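Note that the chains are named A, B and C in the order they appear, and that numbering of residues resets to 1 at the start of each chain.
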Amino acid sequence: MRFLPREEKFFTMFEGMGQMLIEGANLLSSLLSDVRLAPVRAEEIKALEHKADNLTHELLTKLNRTFITPFDREDIHALSTGLDDVLDLIDTTSMRIVIYKIAVLPPGAEELGRIIVAQVREIAAALAMLHRPDGILKHCVEINRLEDDADRISRSGIGLLFEHETNPIALIKQKELYEVLELTTDMCEDVANIIETIVLKAA
Amino acid sequence: MRFLPREEKFFTMFEGMGQMLIEGANLLSSLLSDVRLAPVRAEEIKALEHKADNLTHELLTKLNRTFITPFDREDIHALSTGLDDVLDLIDTTSMRIVIYKIAVLPPGAEELGRIIVAQVREIAAALAMLHRPDGILKHCVEINRLEDDADRISRSGIGLLFEHETNPIALIKQKELYEVLELTTDMCEDVANIIETIVLKAA
Amino acid sequence: MRFLPREEKFFTMFEGMGQMLIEGANLLSSLLSDVRLAPVRAEEIKALEHKADNLTHELLTKLNRTFITPFDREDIHALSTGLDDVLDLIDTTSMRIVIYKIAVLPPGAEELGRIIVAQVREIAAALAMLHRPDGILKHCVEINRLEDDADRISRSGIGLLFEHETNPIALIKQKELYEVLELTTDMCEDVANIIETIVLKAA
């Protein structure tokens, strides 16, 4: 069994997903720096999300047809759906800004966008090391640390909303924006935990 | 191993779940066509949901006691809990309309109800083909297409709410109704993805 | 294979998690009996949640490095993350009360706190019996029964909010408190279902 060629294609596909995540997070961050870009960026993110859906589908199909996989089958499945979920949440965020016609973003949104960019860069770096995972865990630790930051920012942002925003409908919109950004950083942490599991099993 | 009798009972149980889903979606759709029926339909859906809980429990108990299963154990588990989750969400939707005392449904609700009926019919058709899955994938594709429709309807419905509904408490109620209907169509898509996985593995 | 020593350490770790859950639920219940304690209790819960994170991490690391486990690997994984999720939700609840500066709790909150205490005591009792599971299922049944109670209380509480609370921002806060308490009881039920699966497989 151990002499069978390992399925290197999986590594290449995961690296491709990592690059798409970086592209998506950059588009979102650009939108969060200048909300007037929202309709344009949302379209670009939507197109990217469709490409990622296709790659994920291809990856899962390959997984179901491959007898020998480089990692446990369920870990490959969890990793690829987790990566797809991150991009889905980036898409949900940008669509929400467009549909809610949010004209002024809450103070923490831009910083949360930068945190998501930093997290997906760590994810992409980790994915590029999957075939040789020495040193990969420090990327996972950093993704978790960034999530703690995001948690603090979104909690204090929502606290400020409840203190200062007296228009309930505006409050609902801004609060949901914080929540979906925070959820995106949570999903990055979930991906980091899956990567950690894969690496520890291989140790 | 391959000569052991396969556990045909699982197929029958999944067909039973498919029929319950159709019954539940029809009750919900009837409610969404005429909101005055809400208390009656909610009771009927609640009774059906208890029956489905029992069938799911029976199925999972059988799974845990069966050595040879027709598909991977974790796929049977995921499929049965996914089907149960669809009916739970139908129940949550109808209960929400009753508890929130929603007297006028938002414009997209009735159409979302029809989409859920269409999705569970496709699910039931797919479940009836599990023992001989040629042609089953086209049902999964259709469930995904219907989910895209639902996504568009609920997004545009929520956008209209934010434009026209000036009463925040009414907005909260109507928005949550859209969200739980959309979540139900997402769960149907999850079920389709599980069925697809089962079929691709068996190919 | 059957003569290899079973990994008794897992049982001890799960018992430790059970004790932390009881401690966390007691802190939350104390907070829900007297909302003026919220900032102090939230800090204590936060500290406990960090300890539980570390124990969960230790448990998952051990799991990934252990060849023979007392139960199926994926069940140990699901159980330990499920227990951690219960404490995370207790933490989320207490933080929400602090950040939202909720000065008056909704009528059902205190009773929901007592239900969560009752549920985690049942969980801890079940965890202490994992190595010898005769009679463990009655604890799972009781956790499910308690969740039904919580469901009724939170549904009727939210119904009352929509009837009597005319301030939309106050309504949002109180409604979310009900939702996160209800979610905590759901997560206890998920843990009970995982324990049930483990026991049925071992039967």
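Here is the rule we go by: contacts are C-beta pairs under 8 Å (C-beta built on N, C-alpha and C of every residue); 3 or more make two chains touch, one makes a residue touch a chain.
Keep in mind it's a predicted model, so treat the numbers as computed, not measured.
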item: Superposing rotation of chain A relative to chain C, computed on C-alpha atoms, to nearest 5°; value: 120
item: Same-residue or different-residue interface between chain B and chain C, half as cut-off; value: different
item: Centre-to-centre distance between chain C and chain B (centres being mean Cα positions), rounded to whole Å; value: 27
item: Residues of chain C touching at least two other chains; value: 74, 168, 172
item: Footprint of chain A on chain B - complex, ascending; value: 74, 155-156, 158-159, 162-163, 166, 168, 171-172, 197, 200-201, 203
item: Interface residues, chain A side, partner chain B - complex; value: 60-61, 64-65, 74, 95, 99-101, 168-169, 172-173
